[in-house]
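Heads up, the next two complexes both have chain A, just with different partners, chain B and then chain C.
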Partner chain A sequence: MLKFLSLRLTTSLIALAGVMVIVFFLARLTGSPATLYLPADASVEMMEAFNRQFGYDQPIPQQFAQFVGNVFRLDFGQSLYQQRPAAVAVLSAMPQTILLAAVAMALTLLAAIPLGTVAALHPHSVQDRLITLFSLLTASIPDFWFALVGVLVLSVNLGLLPTSGQASLLSWILPVATLMLHPVGVLTQVVRGAMLETLNAGYVQNARARGYSWKRLAFRHALRNAALPIITVAGDRAGGMVNGAVIVSAVFAWPGIGQVLVDAVYNRDFAVIQAGVFVVGIAVILLNFLVDLIYAAADPRIRIS
Partner chain B sequence: MTAAAKIMQQPGEALIEIHDLTVQFRTAGRAINAVRGIDLSIGPGESVAILGESGSGKSVTGKAVMGLINAPGKVSGSVRFAGRELVGLSETELQDVRGPGLAMVFQDSLDALNPVFSVGEQIMEILMVRLGWSREKSRAEAISLMQQVGIDSAEKRLSSYPHQFSGGMRQRICIAMAIALKPQLLIADEPTTALDVTVQAGILKLIAKLQRESGMALLFVTHDLAVARQVASYLVVMYAGRIVERGPIDALYARPAHPYTRALLNSNPGSVSHWSQLHPISGNPPDKTMVFTGCAFADRCPRAVSRCRAEAPALRQVAPGRDSRCHFAEELLDAH
Partner chain C sequence: MINLSKSGLAWTLLAAQAGLAFAAAPALTAEGSIVLAMPAEPTSVDACDDSTRANARVLRGNVVEALTRLDPQSGAVGPLLATEWSSPDNKSWLFTIRPGVTFHDGTPLDAAAVAFGINRSMNPDLTCQTLSLFPTKTTATVESDMVVRITTEEPDPILPARIAYIDLPSPKTPEAAKSDTPIGTGPYRFAGREIGQSITLSAFDGYWGEAPEIAEANYVWRAEATIRASMIKTGEADIAYDIPTHEAEGQANAQQYLTNGVFYLRPMLQKPPLDDLRVRQAIASSIDKATLAEVLMDNSGTPTGQLVTQLINGYVPDYTGMPYDLEKAKALFAEAKAAGVAVDTPITLVARTDLFSGAEEVSQAIQQMIQQAGFTVTLKSVDTVGWSPWARKPDSLTQPVNLLTSSHNNISGDGSLTFPNFLGSGGRLSVVDNAELDAKLAAAAKASGEDRAAAYREIAQYAYDQELVIPVAALQGLLLTSDRIAYEADGFTDIELHLSDVKHKQ
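Take a look at the complex of A and B:
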């Protein structure tokens, strides 16, 4: 188990290093920050002075070497736009992002596990068909459309919910619902499929022969064994919720990491882009690490081997 | 009076009375008849073996008694257990009977134990859930149960998981779980089929010992006559979903009253002195969708005559305590 975890950690860090290299060079393909931050009629001298001040006059390989050296000191440089350290700009957005993702994932699991279980307990029944219809609908509605229509109908026309920001609890409803939309549909189907298999397994029939209630059979004996595929998909979707909350940021002006990254790209704020990708990468690695630990907790065969 | 004669003649004393039990699976318009009307009663403390080849309906009979037939399977007829009709009961109503009334040991012990819980947790769960015992009391009883089924250093092995045990040890744990609530009838569905012969003997001895000491009744499902003889005193032979012969096991062994039972004896390597005397039964068991006009065994029977194909034989008494479903049962008995 320890060997497995350290191997997973090593490969994840190599992948993160690769991503950082790509992001570094791609960011510089968007153009020079000087043209964006200086007035259109700025002189060549002003441009050169600007580039010298922020180190953009150096050859790209040298900038890269310096960047790598700084990363190892956890120094991501200054944000051009925000006039504060890039790491601070990124990290200050993380609590909002993680909180939103955690709430959305918790509610997704709370909805998908009972729905998928009820569907699996009565395959091909009316309940099963309705639940499958619901999960197919939620999994196939485009989330940006859902977000926009939600704002239009509930906030603009009916005035029930705020359009943006996070002033009150009500303002959480649409962002959370948007983030949940696809995961809840996909996860319901995953739970249904996994539970169909484990409910018919010999150990559940044996437990049934001992006179246990259906609740005990489903939620203790079958669900624990169905946990691995559910954890896999939930972990993958949770990663998506952390870094993919761009739509939520854009539509609801949610001050999370998605918003920060989009702004940074528009502003050619290289330091923030790099710091943002690094922090999100670390968050996803930690999430995968957590998923591996949950695997081990759920299945002793993984824990022991 | 033999035990067998007693259950035949005094059904009022029976622990379980099965009458005209039928199990049918309807899929895609086809009706598969797994069990085609079984009558059987077992008295308290009696040990009965059901013998039959694959597809004879022997395992389905055991599961039907437990109420474990899932849709699209349909059970009809009557199973009266301790005076209570079980066929038609809801899952919730059956929950009380399962455990202290009826318990079951399955063929594949690896499949029958939950891989994510330690064996201790699984044994303790029965006592805590069904009897409302405390954790400590259940733990002590779990250790005692594991010792009873012959598991060394039971206390240490309580926290082990099913995959850390050998097949024989796992089956012992399944037996411990089945007897935890002191059932009145234990149904064992081919519990030794998946095991090595040497391990098999130990399990059979254990089942026989537990049955003798606790006084529970035993319904032992098997395809192996030699195995049946080690645990049961009464034998029921099934073919194509019906009982073809029944009686005290030693009497059947010495003088079979049905050609199928006789063919089973001749095809068993343990019962003949030389390989050249081994006679496999030719042909295959009949299609379970078939409806018979005559005897179901006629196509494979060396004695079959035209009457066998035209007229279905009834299960009838052919000697004291002996029933056979063959037109020529008396001739067979006399031939020995």
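Take a look at the complex of A and C:
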């Protein structure tokens, strides 16, 4: 297992280094930030002074060499837009992102696992059809539309929730619901499918014939054997929550990493783009590690292999 | 029952009277707080960068102030931190500094502080946004304790108007680096900032002018217009900027204001077929500005034929531009084709998508309209950075033949911040190379008063007749306010919102 994890770490770090190199050069292909930060009629002298000040007058290979040297000191440079160290700009957005993602994922699992299991226990019943309809609906509704309609109905018309910001615990409800929307639908279907397959397995039928209750079978035995696909999809969705959540940031002004990265791309804030990709990359690597460990905990065969 | 002596009764009545008088007196100190929902966070909070909309809306007239101020209705120059000014010769100006003014850090405002602020803004290495407003090298020196001399390399008759854009920071501000905690002389001090979330301004007790009514203003950033409008409806905000028309329907406190911005097309004059006047006229005639403004711009624009608004001295009264006439456009196209003009050459319509909400859809409609006249038009959608090489010299001169979408905003009151940039051969955004026009622009720059206005009007009329630029729509903004406050939008609201103009509703 340790060998597997160390191999996984090595390949992940190589992939991250490759992504960092690609991002460095692609970002610079989008044009000089000077045209964005200076007035449209700025003089050539002003443009040159700007490029000199931020090192964009240097040849690209030289900029890259400097960038690589700085990365080893975890120095990503200064954010043009936020006017503070890029690493600080990115790291300050991470706690809110991780907290929101953790809450949303926990609630997603709490909702999807019972719903999927109940649907699997009663295939083609009214309950199953209702749960399937619910999961298809949540997986299909555009999250941007859901967020805005949520604000109009729950905040403007009913006055129950704040529209945006983080003034109180109530302001978590709409962002969390928006973030949960698609994962709940998808995971419910995954749980249903995995549980159906497991519940039809011979050992379950055998246990059933011996008089075990469906409830005990489902939650004690079948769920554990159906866990692998659920963990895989949940891990993938959690990664999306960590590096994405742009809609939630944009609509609800949630200070997450997704919005920081999108702003950085629009504002040609190369230092923040690079720091953001690095931090999100590390977060995704750690998340994959966590998923691997959960795999091993759920299925002893993986530990042994 | 309580027995009162005569003197006791008198004292009691006096005390009651004093209490009533105190209760009825207007509040002498600012109170209450408001929330402003803004679409974008400032890119810089340094005083020398506050000529851009996002920066100026928070800082100008609130935290920092300049020597002069332009009237939001007429554009006339008025006193602010300077009480008077004169020009002893055509290359220098003397400004007398208002006495009794202090910065928020307690530093008194004097000629040395003013000279520091102006020279700091003019430092090219600091790359201040305001620097590009000054066409000629400008320096400030101390004439006496309370008089500053501003010298320009070339005569600048409108320097008092231009200097209205140089907001003055405390002399303790770093001279060679941008500041993230602006200290000015305005009615509000910069109380705090949470990057990405909010900026808070608090009323400054030592303000030299009339004390503001609002004690604290909290600016929050909400990129989504629906959320900004919703915040007013739920009472979470008191002022919301840049609201689309459909979000303001039925709102009693919606105010429309002129942004002084104009959306226009710039034909690439250097290459055929756009070097031919008939072709440019055909394009101008093919654009149905009224439909664009009403349908696609959601009434956030009004059709215009001019590059500047009434506020600017180059505005030509009653001129509305070439009217929409598709048949005339087709006839001009045919006439040019018959004369051998390469009208079949594909024209790239460079659509800058971030000019205003719906800019891309408007550009697509313009593409269709011009194609109806017979031209072949391809659409290229770009953001500001992608737009730059098409717009700015020297790259703009080597691009394929194109029509560039752009917008221009001039609230200075003077044509010198418009016409030289777009029509002069030296203008960074100009593709015009006309010696006669250059001479007229040079003469206008040196003129003053009505002569100056007449000179810019003549230049503008020539540019419109030659379709050197094709203005499409004057842009308008929409503001929502809550029931708790009173605020009247004016000609400058789009770029600066003075918190001291915001009052509690009685």
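As a convention for this text, the second predicted complex is superposed on the first by the 293 of 305 C-alpha atoms of A that agree within 3 Å, B and C clash if a C-alpha of one lies under 4 Å from a C-alpha of the other, contacts with A are read in each partner's own complex, and residues count from 1 in each chain.
To be clear about the criterion, contacts are C-beta pairs under 8 Å (C-beta built on N, C-alpha and C of every residue); 3 or more make two chains touch, one makes a residue touch a chain.
What you see is a predicted model; the values in this text were computed from it and never measured.
By the document's definition of touching, neither partner reaches A:I294: not chain B, not chain C. Judged by the touch definition given at the top, the superposed model places A:V260 against chain C, while chain B stays out of reach. Of the two partner chains placed around the shared chain by superposition, chain C is the only one that A:M46 touches, whereas chain B remains out of contact. When the two complexes are overlaid on their common chain A, residue A:T163 makes contact with chain C while staying clear of chain B. Measured by the number of chain A residues touched, the leading partner among chain B and chain C is C.
By the document's definition of touching, of the two partners only chain B reaches A:A207; chain C does not. Touch criterion met: A:H221 reaches chain B, while chain C stays clear of it. By the document's definition of touching, of the two partners only chain C reaches A:L148; chain B does not. Of the two partner chains, chain C is the only one that A:G31 touches; chain B does not reach it. If you check the complex, the residues on chain A that touch chain C are 30-33, 35-43, 45-46, 49-50, 53, 81-84, 89, 92-93, 148, 151-152, 155-156, 159, 162-165, 250-253, 255, 259-260, 266-268. Partner chain A is touched in their complex by these residues of chain C: 43-44, 51-52, 124-125, 127, 129, 131-132, 178, 180, 195-197, 220-224, 226-227, 230-231, 233-234, 236, 383-386, 388-389, 391-392, 421, 427-429.
Taken together, the chain A residues at the contact with chain B in this complex read 200-203, 205-214, 216, 221, 224-225, 298-301, 304.
Considering their complex, residues 66, 68, 70, 91-92, 94-100, 102-104, 106, 108, 111-118, 126, 129-130, 161, 163-164, 174, 177, 181 of chain B touch chain A.
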